[in-house]
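Input: one structure, supplied below.
Letters are used for the chains, namely A, B and C, taken in the order the chains are written, and counting of residues starts over at 1 for each.
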Amino acid sequence: MGLTQMEVTVDELKHLVSGRALEGETMLLNMGPQHPSTHGVLRLLLELDGEVVVNCIPDIGYLHTGIEKNMESKTYTQAIVMTDRMDYLNTMGNVLVYVLAIEKLVELDVPERARAVRIILTELQRIASHLVWLGTHALDLAAMSVFLYCFREREHILDVLEMCSGQRMMTSYFRPGGLWRDVPPEFESAVRSILDLMPGRIAQYESMLTKNPLWIDRTRNIGVISGPEALRAGLCGPALRASGPTWDLRKAQPYCGYELYEFDVPVGSNGDVYDRYLCRMEEMRQSLRIVEQALRRLPSGPVVSANRKFVPPPRSELGQSMEAVIHHFKLWTEGFPAPQGGVWVAVESPRGELACYLEGDGGPKPHRVHFRTPSFANLQALPLLARGHLVADLVGIIGSLDIVLGDVDR
Amino acid sequence: MGIEQKLGNLGVVTMSLEKAVNWSRTYAMWPMLFGLACCAIEMMAAQASDYDMSRFGMELMRASPRQSDLMIVAGRVSRKMAPVLRRLYDQMPDPKWVVSMGDCASCGGVFNNYAIVPGVDEIVPVDVYVAGCPPRPEALIHGILTLHEKVRGEKLHDWA
Amino acid sequence: MDHVDKAVDALRRALGASILSVDVFRGQTTVEVAPDRIPDAVKQLRDDPELEFNYLAALTASDRWPAEPRFTVLYRLYSLPHNVFLGLHARLEGNAPQLPSLEPVFPAANWHERELFDLFGITFTGHSDLRRILMPYDWVGHPLRKDQPQGYEEVQFTFNFDEIDRRKPYARK
């Protein structure tokens, strides 16, 4: 499989560009896969009338990894490693949705302590993801210091993740039945120090951007989409909530114990880039609220289910019980079987609705895994949002949709 | 060093041209923004506050290949992206170096399927491989410093 | 559950024999619809003022080769006002499956159907722009089908290191 020359001629795209392009009145510009403002390897074919975008055709697939096909040849537990790498800013959320799907399929219980820790880490991951979003979005709109501040805060959160699982980003910490291992004793004080630190820092970012006339000029009334139109286009997450509809899966279809915590869901009204920015800033604050409540009520107990058919026994048991050795052997060599049938599980990732369709076929490997990723659905709406705006605004719109190309291409 | 003894304390330092050229190349090596996937986030973290790469001369990342010396391939290279990668490498002027950051760029990483090129060294010649999934920012900086050592040992006719 | 039952009844009244079965697995209801009536079923669910299924969340497919019917295309619809979701699926067989496109009903289905065309080879009639979306433009085959190989390369251990090294195409300049 050598390198083939793949070029798409204007003939093949004739049906997508307007007639003016073929006459040469408008210009077709390639905003290539390698570009500092496309947040990854996204290729946009822009039809420009001067500086104004007449049409914008996204071309994706430059990061397609074949994760769904690759997971079909690994056992359920081995495939957890691959889910981390899809939306690489929300690694905990990806693993959470996959593990919840496995637990629903095989009807496995999860102890209370594991659910609380899952919620704490998922919400911390949401804050970390929003920090990267804010840093890169502000960087694109020429506010460079925000980028440096956000990454400094993110280091604190990554320290907590590293303390639990040993890895900063691709943790694979959630396993079917609970967690890989219990949180270390320094966990509570580390999370508490983040809870003390973050509100002041978020206020700092807001003071730099929210009332800044330059920021408002660049984001107000840019990329406006109304509520019903957003629903028809398939938008989800903060991009949808900024246009009006209150749809947050943590409130609507609670999973993993979210119904026990009190938090608000920020909703915008205008549906422009500025409203999406405000929604995400408020979401960071609400995530801190959830983490605080979860940390306060963190129950004690086991962190993993006792069902030895799916969860490997601890090493201490192996020296004493024959069944433990047999379970250990079976789980590590073959894996656990799942019944025939398909389940859908959806969680609210920082980008929107992340759903997993898991189909088992009676064997130890998944028959079909599909991830309905929010960035894929949100990026579809980019041509609708970008029409009639300048190229510089297009950069802001892409940033406000908060797409992660690993999520789009899988 | 005979000339230094004769000139005494005139404030003159002599060294071979090779050393001078290599020294200057290491201290102002500008990486090209080639972040593809997860490793790109760690590369951004290495460039940002806590693990500052500007201390090593890499103040900014140039998006244009015409203005950069170092291509840090950070992330998995899919088959659709491979020709683009080669084209960008060809557009970089000499002298140029390639750091393959992360497992996916070095050997295909976790993925072993139809869509990923198993190792970016099938497409461009790599100077330093940095292992990790993703490598810590300190690991990336260690890789860059290893590259600096390699550059200091280069001969003038390598890039002449 | 009540709202879901109402929806299933409404579908049965509107489409009659095209509703082939209703399954409930792990508390999730899926209605099997005959392939050519899928847009009608979805339109019924969307336009009925009592049902209000106004959001298409996902569209995916699964391949059961060599068992027939081979492909199962799954739809997931949400009713945001009533906070209910319902699944629909259609079974297709053979090597060149076809299905009417859902794009006129929900524009959100555009890229999802392109992805299914790319990865499974399911053609959607009436789609505005059916091209490959994730694979390179000149790729041959549909990767996610079960009769397509995973395409992996042999892992390089110490015992076969030199052998693989000789065959692997390295770039030297």
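We take it that a contact is a pair of C-beta atoms (placed from the backbone, for glycine too) under 8 Å apart; a residue touches a chain by one contact, two chains touch by 3 or more.
Everything numeric here is computed off the predicted structure, so don't read it as measured data.
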Between the pairs A-B and B-C, the one where more C-beta pairs touch: A-B
Chain at the geometric heart of the assembly (C-alpha centres): A
Cα-centroid distance, chain A relative to chain C, in whole angstrom: 22
Chain A-chain B separation of Cα centroids, rounded to whole Å: 30
Centre distance in Å when chain B and chain C are each reduced to the mean of their C-alpha atoms: 43
Residues of chain A engaged with two or more neighbouring chains: 4, 6, 61, 64, 66, 69-70, 409
Shared interface positions of chain B, touching two or more other chains: 79-80, 112-115, 123
Residues of chain C touching at least two other chains: 135-136, 143, 150-151, 169
Chain C-facing residues of chain B, complex: 79-80, 107-108, 112-115, 118-119, 121-125
Contacting residues of chain B [partner chain A, same complex]: 33-38, 40-42, 44-45, 48-50, 61, 63, 75-76, 78-84, 86, 88, 110-116, 123, 133-134, 136
Residues of chain A defined as touching chain C within the complex: 2, 4, 6, 8, 12, 15-16, 60-61, 64, 66, 68-70, 72-73, 104-105, 107, 231-234, 245, 247, 252-253, 341-344, 346, 353, 355, 357, 359, 367-368, 370, 372, 376-377, 379-380, 409-410
For the chain C and chain A complex, residues of the former touching the latter: 25-26, 28, 54-58, 60, 62-63, 74, 76, 80, 83, 85, 87, 106-112, 115, 128-129, 131-138, 143-144, 150-151, 169
Chain C to chain B touching residues, read off their complex: 135-136, 143, 148-153, 155-156, 168-173
